[in-house]
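One chain, chain A, links the two complexes that follow: it is found with chain B in the first and with chain C in the second.
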Partner chain A sequence: MFYRESGDFKTSYAKDTQTFPIKLDRIGYYVILAIAFITIPVMLITDVGGGANYWTNAILLPFLIWAIAAIGLNILVGYCGQLSLGSGGFMAVGAYAAYKLMTSFPDLSIFFIVIISGAITAGVGILFGLPSLRIKGFYLAVATLAAQFFLVWLFNKVPWFYNNSASGQISAPTRSIFGFEITGATATPEAKYLFCLVLLIGVAWLARNLTRGRIGRSWMAIRDMDIAAEIIGVAPLRTKLSAFGVSSFFIGIAGALFFAVYLGAVEVGEAFNINKSFLLLFMVIIGGLGSIFGSIIGAAFMVLMPVLLKNIMVNQLNWPTDIAVHFEFAIVGALIIIFLILEPHGLAQLWRLLKEKLRLWPFPH
Partner chain B sequence: MNATAESYVTEDGRTIGAPVLEMKNITLKFGGVTAISDISFDIREGEIRAIIGPNGAGKSSMLNVINGFYHPQEGEIWFHGEKRAPMKPYQIAQQGIARTFQNIALFKGMSTLDNIMTGRFTHMKTNMFWQAVWKGPAEREENENRDIVEHVIDFLEIQAIRKTPVGRLPYGLQKRVELGRALAAQPKLLLLDEPMAGMNVEEKEDMSRFILDVNDEFGTTIALIEHDMGVVMDISDRVVVMDYGKKIGDGTPDEVRNNQDVIDAYLGVAHD
Partner chain C sequence: MSANFFYTIEVIANGLMTGVMYSLVALGFVLIFKASGVFNYAQGVMALFAAMTLVGLQNGQIPFAHLINTIFGTHLDKFGWEVPTFLAIILALGVMIGFAFLVERYILKHLVNQDPIILFMATIGLAYFMEGFGDLMWGSDIKKLDVGLPQGGNVWLENATEGWANGFYGFYIDNLDMWATVIAVALVASLIAFSNYTKTGRALRAVADDNQAALSVGISLRKIWVIVWSLAGFVALVAGIMWGAKSGVQFSLSLIALKALPVLMLGGFTSIPGAIVGGMIIGVGEKLFEFAIGPYIGGATENWFAYVLALIFLVFRPQGLFGEKIIERV
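Now for the complex of A and B:
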C-alpha cells in the first residue's frame, strides 16, 4: 500500500533516473547504512559475546571484499558481455602490487596503496583484454583462463614479486590511514571492517555512475548486439578495453584487500587459484548479471551460505565436515543451473519482481 | 528531371540539393558471388531515395558498403563531395550516417529509453572520470541529450513504452524504437533497411508518415530499401532498381514504373 514511487510524475530527468526512486527503498538504504556504519562497528568495538574476530573474519571482511570483486566482474561479464575466468589472476595482481608498494614505500597510506594496486591491475586487465576484439564467448573465456594460470605461475616463479622470501609467501606489514592501523597483526577488526566498507561503498557508487550513462550504455550495447553498437558509433575495441580496465581496477582493489587486510599472508597458488575465478563468477550469476546490487547480494549469498551450512550441518547435526562441503558444492551447482536457465538476472531480479508485486499490491492491475 | 544537375525540385515542391553520398562503380564480391556489380548512383541532400529489387539483389549489401561493414573490391564512395577513405563502421557513424536493420538489431537487455539514448552516443563526450563521479558535466550532458531523446520519443509516439525492455515489445513497436535510435543520432544520412517489412497496413501507414515527417521537419536525407511498391512509389523522390547485383533502373517513381527492364525483371515478376 505504501510502497510507491514518490509521485507518478517525475519533475526532472535527474529524479527519473535516481538510484532509489521509491521512498521506502531510500529509507531502507539509509537504515542499512546506519547499521553498517554505527551498529556493527559499535558491536565490534564493545565485542559483546566475544565474537568480534570471528564475525569479522568469517563474514564481514570476506563479504565486503568479494562484493567489490563481484562488482568488478559484473562490469565485464554482466554489463559488457565479455566472459572472464581470469579474476583470480587479476586479484593476485592487485595483491602483489599492494605487497610491492607496501614494502617499497613504507610511508604510503594504505588507501593509496590499494587504489594504485587497482590501477596497476587495470593496466594488466587491459593488456589481457586485447584478444577480445577477435575472440568471443567461450574462446575468450579460455583466453582469460590462460591469463589466470600465467599470472599465478608468474608470481610463483619470479622471486622479485615476493622479495625473495624463503617461503615464497608474501605477508602484509602494518600500514595505516589517519593513524589507524588497517593491516598487520595488531589492526583491530573494526578498523579493517570500516576501511573495506568505505571502499565497497565507493566502488559501488562509481560503478553505478559508470553504468547509468554513456559508457555503461556503450558496454551494454556491445553486450546485446555488437554490430548495432558499431553503427551507432561505439568503437568495439575501446569499449571492451574500458570494461576490462574498470573491471580489473575493482578486482585489483579486492585482491589488494584480500591479501593485505583479510588474509595478511598469501601463497599465490592457494589464495588466488582458479577456484576463486569460479567463485566470483558464481556470485555474479547468482546475484544477477548486469546489476550492481546483484553483485553485492551474490557476494553475501556465497559468503554466508557455507557458514550457515557449516553451522547447521556440522555444529547442529554433527555431520562430518567433508559431507557438509560436498553438500555445499551440490547446492551451489544446482543454484547455478537453476539461475542460468530460469532467471539469468539472478537474485536481483527476484528482488525486483517481489517489489513489483508489492508496488501493485493490493490491486494487481 | 536531370539527374546530373546541382539541384532539382520535386513534384511536391521541395528543393533537393547537391549529392550527400555518391557511389561510383561499386563492385562487391563474396568469393565467387558478385553481390554488387559496377553500380553507381547518388543520394542527394533532402531527398528520399529508395533502393528496390527482388530478394538477393544486393540491396542490403549496398547499405553495408555505405556503412563500412563490407569493403567493395572496386569503386569509390564520395561523402559530401569528398572521396571517403576506407573506414570502420563506428567512424562512419561519427560522420553522421545512421541506419536501421532488416532484422531488428535492438539492444534486447535495455529499455526503449536506453536504446534511444544509446543512439546519442556520438554526441556525448564527457570522459570516464566525470562519468564515474557523475556530478557536473556528465549529468548535464545526460540531461541535455535526454531532452533530445524525449523529443524523438514524442515524435514517434512511444511515450508509453519508455521504460519497457525492448525484448517485450511487439514487432511493429520494435521497428519504431529502432528508427528512434537512428533518429536520435540526428544523422545527415539515414539508411533504412526494409522499415516496413512484416507490418500490417496500419503500421505501414504510421511508418510512412514518420519517414515523411522526418524528412520534412528535419530535412534528413533518407535512403530506404522497401519491397512494398505502393509505399515506395508514394514516398520516394527517386528510385534505384537492382537485380542480381546490377543496376537496372534509376529515376523518379514514374520513370522507373515505365522502364521496360524494370517491368521485366522486377515489377512484372513481383506483381500480377
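Now for the complex of A and C:
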C-alpha cells in the first residue's frame, strides 16, 4: 500500500537502468538530498539554538566521513569478500598524504588534495593487497594487521612525514575551495559540512555504479567462490587488486577528511589506531555487508549511539565519565552481539524487510 | 668470544621466553578454533578478565563497588578479608567456567551455521563487552598481581656467567620468564595428554575433525563447546597470571591478543605445537630484529615486526607451519 512498485513503466533503456528504478525510492532520495543540501545548511548558518558547532563536530562531520570510509571497506569486505583489519592504517596514509600535499603545494584546492590523497592511498592499498592472491580468509585478515601496525609506526618514526615538527603531530593549515575556507580554525561549520556531503554523495554514486557494472560483478564472483570465478574467466589478480585499490581510495579520502576537516590536528597513534579499524568493520557489518545504503546507516548508527549513551549517562544521570566509558564499551559490545544474533545481514536487511511489509500493510494480501 | 656474541645469546634466550608467553595466549585461540571454528578475538580480554578477577578475589574487593557507590551514594570498597592465592585461583577458574556456560548459552547457540566472519565479529563484540564489564566490576586502575612467583633477574645465573668475555656482565634472565616456560610446557603436556587419553579429550578431537560426523555418533556439540571455552578460560587464566605478574594487571594486557595473532598465522590456526613453535619464532625474531636493526631505523620495531614476518612467511606457505593443508573444491 505505502511502498508501491507497480504502475511505474519504463519507456527507454536509460530509464530502465537508472540508480533508483522505483518512483517512491527516487522521491525519497530527492527529499533526503533536499534536506541535506538546503535544510541542514540553513539551520547551521542561522545557528538555531546555538549548537551549530557542536552538531557539526559531534555528529554531522564524523557521520559523513565514516560513511565514506564504510563504503570503502564495504567494497573490499562486502563485495569482494576480502577481510581487512588495516583500514586505520590506510586512513592514516590518506591523512599524511593530505598533510604533505597541503604543505608542499599551498595553492592547490582542497578538493584536489583530498582526491590525490585518495589516489596515493589506493597505491598503498594495492601494495598491501598483493598477498591476498596467496592468503585467504582469516589468515588475510591478520596479514592486513601488518599494514595497520607498520604504517602507524612509519608515520611515527620518519620525521619527513610530519615535516620535523617537534610534537610529532600534524596540523592542517587553512585551505579553501572557490574562496570558501574548508580547513583550518576559521572554517565555518556549514562549509565543512557541505564539502564532506558532496564527497560522500560522489563516493556513494561511484560505488553504486561500480558495483553494478562488470567490475562489481567480478568482485562478487570472487567473493562467492574464488576458484569457480577463476575457472569461468574472472582474473583474480586484476579483480582483487582493483577491489583493494578502489576500497583504499575511498578510505584514503575519508582519512584525509578526518584529519584535515574534522580533527584539524592529528597524532597518528591516537587517531588511527587499531580500534578505528574495528569501528569501521562494525559499521560495515551492522549496516549490512554488500550494501552501499547499509554502509551509510551503519556509520550513522555507530556515530550516534556513543553520543546518545554519553548524553544519557553523563548529562542526565550525572555519572563520572570513567563509569560512562566502561558502560559504553559494555553496551556497544552487547549491542553488536545482539545485532548479529537477531539480524546477521545488518540494518540494510531490516530496511528490505520493512519495505516488503509496507508493500501490503495494512491489507493482508 | 666477544661480549657481543653473549649478548646476542641473551637476546635469543629472552626472545624464546617472551615467545612462550605469546604462545600461552595463542593456545587458547587454537583450542577454540579447532573445536568450533570460531576465531576468538576475545581471548586476550579473557586473560585480562581472569587476572582482574583473581586480583579482585585476592584483595577481597567488592564487585561493582564504584558503580554501586555512584548510584546509591554509598562508600563501599572492600569486604575486609583476603582470600589465599590458591583458593582465589580456584574461584577465578570457577568464574571462567561460568563465563564459558554463558557464552555458549547466550551467544554461540544462536550463531550456529553463520559465516565465520559473523562469528568473528561476535567475538570482537564479546571482547568489547568484557572489557567494559571487567572495568565496571573491578575498577580500571593498574593492579599488582602477586601469586608468589619469584620476580626479577636470576642472580645466580648472572653471577655464574659474569666475566665469560671482556665487558660481559653475565646473562640477565627474568625468573618469572623461566617459570612461565616451565608452566607453559606443563600446560601443553597436560593438554596433549588430556586430548589423547581421556574420553572427553577424544570427543574434542572428534569434533575438531568433523563436527557433523561427531554429532552423528552422539557427541553433544553444545557440551563440547562449553568444555572448550572452559579450557580456553583456564588457559586465559594461566596467561593472565603470567602476564599480570610480569607487567601488572591493566588494559594493555588485552592487547597481547593482537600479538598472538601472528603467532597463530606462523604456526597454523589448528595446531597446538604450532602455537608454541610460532610463538618462539616470533619472540626470537622480534627481539633479534630490535637488537640488531632497530637502533638504525628508530626503534620500537616490535610493534609491527611480528606481523610483517608472518605476512612474508604466509606468502610462501599459506596454511602456516603446522596447519592443515588447504584443499579447495569448486
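Please note the rule applied: the second predicted complex is superposed on the first by the 342 of 365 C-alpha atoms of A that agree within 3 Å, B and C clash if a C-alpha of one lies under 4 Å from a C-alpha of the other, contacts with A are read in each partner's own complex, and residues count from 1 in each chain.
Methods note: contacts are C-beta pairs under 8 Å (C-beta built on N, C-alpha and C of every residue); 3 or more make two chains touch, one makes a residue touch a chain.
It should be emphasised that the depicted structure is a prediction, and the values quoted were computed from it without experimental measurement.
Asker: Have a look at chain B and chain C on chain A after the superposition and call it: clash or fit.
Answerer: Chain B/chain C on chain A - fit side by side.
Asker: Of the partners chain B and chain C, which touch A:Met225 in the superposed model: first, second, both, neither?
Answerer: both
Asker: Quick one: classify A:Ile38 as touching chain B (first), chain C (second), both or neither.
Answerer: In the superposition, A:Ile38 touches no partner, neither chain B nor chain C.
Asker: Output check: A:Gly213 vs chain B and chain C. Expected answer is one of first, second, both, neither. What do you get?
Answerer: first
Asker: Return first, second, both or neither, reflecting whether A:Ile274 touches chain B, chain C, both chains, or no partner chain.
Answerer: After superposing on A, A:Ile274 lies in contact with chain C but is clear of chain B.
Asker: For A:Val48, is the partner it touches chain B (first), chain C (second), both, or none of the two (neither)?
Answerer: Neither partner.
Asker: Centred on chain A, what angle do chain B and chain C make, from Cα centres, as a multiple of 10°?
Answerer: Reported to the nearest 10, the angle reads 80 degrees.
Asker: Looking at A:Ile337 after the superposition, I want to know if it touches chain B, chain C, both of them or none. Which is it: first, second, both, neither?
Answerer: second
Asker: Contacts for A:Leu108 in the overlay, against chain B (first) and chain C (second): which applies, first, second, both or neither?
Answerer: Neither partner.
Asker: Kindly classify A:Pro320 by the partners it touches after superposition: chain B alone (first), chain C alone (second), both, or neither?
Answerer: A:Pro320: touches chain C, not chain B.
Asker: Rounded to the nearest Å, state the minimum C-alpha distance from chain B to chain C in the superposed three-chain model.
Answerer: 6
Asker: What is the shared patch of chain A, the residues that chain B and chain C both contact?
Answerer: Comparing the two interfaces on chain A, one with chain B and one with chain C, the shared residues are 225, 227-228, 231.
Asker: Mind pulling up the chain A residues that touch chain B in the complex?
Answerer: Those residues of chain A that touch chain B are 12-14, 17, 206, 209-210, 212-215, 217-218, 220-221, 223-225, 227-236, 242, 246, 290.
Asker: Which residues, counting only chain A, touch chain C once they are in their complex?
Answerer: 77, 83, 131, 134-139, 141-143, 145-146, 148-150, 152-153, 156-158, 225, 227-228, 231, 274, 278, 281-282, 285, 289, 319-320, 322-323, 325-337, 340-341, 344
Asker: Within the complex, which stretch of chain C touches chain A?
Answerer: 39, 66-67, 70, 107, 110-111, 114-118, 120-122, 124-133, 135-136, 140, 258, 261-262, 264-265, 269, 297-301, 303-304, 307-308, 310-311, 314-315, 318-320, 326, 328-330
Asker: Could you pull out which chain B residues touch chain A in their complex?
Answerer: On the chain B side, the touching residues are 67, 69, 88-90, 92-94, 98-99, 101, 105-110, 114, 117-119, 121-122, 124, 126, 128, 131-134, 138-139, 141-143, 146-147, 181, 185.
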